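Below you will find the structure I want to go over with you.
Chain naming follows the written order as A, B, C and D, and within any one chain the residues start at number 1.
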């Protein structure tokens, strides 16, 4: 048995709530090598998502993710808005009209999200962006598809955290941090960090 | 953090209210989504010129809305690009039947959000083109990076294309003109102090009393190089050298020189720097035919300056001189 | 001290060079003694309107030289009034046969130096009148003190009288008009940070992170009151209260509201403050019919703002709206 | 025998040179309760005076003081320029066409200077201005007229120093410090200080 529309709603809600906790850390990371708004942007966006989720009326897991996507796109702004928006939109599409999400579907959704982010942002692994968190997350998810959504997402979150950590020594080639050139090295990428944080929250909220 | 604000999250909305109060005849200010529109928009039969970006760079962009320049500006939160809905709503509000030109500073966030808006608008049958401004020579340009940032040159593109649109140039012409201005424009900025974003509450970076930062962006991003503070002669020479070598500008070139304050640098220092820049350009045989000096493309209260140099020809001069009536730039009317 | 300057003693001279370079068609800039003159001065048959004072308040006064406003500005060293010879030379350069009106901010130094210049000019047969601007409600007015300072209101006097002179009003009329504007104008300023005078090298005063100063002057003088920092609503209310109670402004009054940055306060905050001021004035039944928002009467890089309120009637509105073409204010042409 | 034109020139030169030494102190005093330019203003002015004195060609003590006056007026600016300018101008007038200055003449010149400062600046004793230094200086000078220029000026300098010190507790009623109201108390008035400094330098340079 996989995750129902209620489970998915609860998981996204949990992720949205966690963003508030990490707001200041993400602001600080972005202040170091960007413009200091990543935490504020996501906080604004996920606060709006929470309000939308309260409205309810979702006919399936995909519709929860789709509302999340459009809300993020219309409230976050910056680079993260369209990127996370696209990620959730593609994930929604990957879920199709399934009424329950299982491990395979969850892994597919993650893969679709990554594809969307790359299609929009044109970043490759190693460019010091959220792609560095999402890419290993997708790989890890794909090798655990049979163990249920929670296990898939936990593996993904673990991998994303490692991936995020791996951005520290990198010199940024995409996003605002790239303007710093060599001076971007030695800092954790805020978007990679937020990806790991979101995946961890989704995983821990997943009931199965 | 020392600012004349109330709630940091409401800064942009409250500033827009003040802007609406200050310019009742010139502007229509909308909230939710936020937009600053020409009071007489849409202007039928004219290409609508639309720009926008994060707030905190005022008067860019809202101060440049009005006859002869922008039809609409979309202000995002401080240093955060506006959302696609916001841009789309502005496009729809000012579209006068002759298409819309989006002037977008080249930042990932701005590019992605305007791109999405343009897709939506195209889907509704509005002919939308996008021109990216990427005049900042501080950033190495390469296929594998985010590319150069748009900074001071954005104002020139907005003024010149705005004048052409006002005169009835069609969308193709406006797009080509914008590309031509972008191709002939280079900028470089420097900072003595950092700025403080309201929702962050502390300075974006820290510079010692004897340090300066060369090649800063307009979002409080640190620059590429931190150097010991120099006298004005040395600072301006660094900017002029980097800019003129980049395009390159050559002896005999005619140019517009735009000496810009990042916000906190007083006019006394800015004119002083401008005088040095004029002298250095004259030494290189570059003829400055038009100039603009002031805080126009700013980074909140940051102390520092940027220089923008744009190659001119008779057509561009004529468009630059054309009447403009906005909150921040006005002449000929 | 972080400034874009070379030798602190040469700041004004070098800035004037830059100003001359930036506005070749509009201004004639003289050095030794320093003066900024209308390029077409003297204007025969017109009252010449002359002002000046210490530098560091730019665009005041040099940025207001041009058709429809000042005929000449005399810039002293930073925060130090110009000398009599300097003023006298400017008077002689722009006198067009219809007399000269000196607009002088009420500071002992300015008053004494302009007074001496006026004596010299009178002795040479030039009809010179002096109008003192003393609009700062922060200072108690009394026969036994130096009296109130001239601050933001100076700009309004210069614009309105300049328009009248341009139209051919005679010296008596210009003088009376200036007195009328002064009588109906009140200002109050506040600071979040101090400014640093180049030849001093350190800030004029120190404010803690959570302090503000109410009633500051434009020379880096500390104010009369140091208070805990407040949100914009509180700050603006203090300014509006003090100004409206002073004249007093009454329900039904028509007014010009000038929201001024002391230099370092960004436009975003300034418009935010302006919006609050408009709301508070509306609550009091005062009708704001004209407004000006920007860094016009500054104190180097000081962060802070001032509000100026001026009672309007049809004649003053007409003169305010009249064409003006200067480096810092331009409309109608 | 009194002071010749050369003596007067030397004394003014000595005073002008001393201003350089006190520049920073006067800037600092003025920064506290004014606008921080008093030392810079006098330094600029007296540097110009030195250049003028180098030119020479003075036909009497009065002409030295007159050139000093006009030079100060045309180079100092601010409040101090016209005030010190007037002081030197009135002093010159008081000397008339005397070829030597004796104690009586010196005291007369000081009294004329004070009258000039008061005529221009309208300050009364106790207003916390240079008048608070100059007033007791004039009184002291007048009671020592028979003992030669040097003694007259030394008495004047002593009194001026005391007078300057007496400005500390005062609340300013004239000049820029008056804008501070009560907050001007507790500070030494820069103009009173510079008056004392100038008188001390003149006295010490006086040969007789």
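Rule of thumb we're sticking to: a contact is a pair of C-beta atoms (placed from the backbone, for glycine too) under 8 Å apart; a residue touches a chain by one contact, two chains touch by 3 or more.
Every value quoted in this text rests on a predicted model; they were computed, and no experiment measured them.
Ranked by distance of CA centroids from subunit B, the top chain is D. Inter-chain centre distance (subunit A to subunit D, centres taken as mean C-alpha positions): 75 Å. Chain centres here are Cα means. That of subunit B falls 29 Å from that of subunit C. Subunit A and subunit B have Cα centroids lying 32 Å from one another.
Counting partner chains per residue, subunit C shows two or more touched chains at residues 78.
Taken together, the touching pairs link the chains end to end in a line with two free ends. Chain pairs recorded as touching, per the definition above, are A-B, B-C, C-D. Within the complex formed with subunit C, the subunit B residues making contact are 1-7, 11-12, 14-22, 55-56, 58-59, 63, 78, 192-193, 207, 209, 212, 229, 231-233, 235-236, 259, 263-276, 278-279, 288, 291, 293, 295, 298, 300-301, 303-305, 330-333.
Contact residues of subunit A toward subunit B in the complex are 27, 31, 34-37, 40-41, 44, 73-83, 120-121, 173-176, 178-181, 183.
Every residue of subunit B that touches subunit A in the complex is listed here, in rising order: 9, 54, 76-86, 107-109, 112-113, 115-116, 138-140, 144-146, 149, 197, 199-200, 202, 204-205, 217, 219-222, 224.
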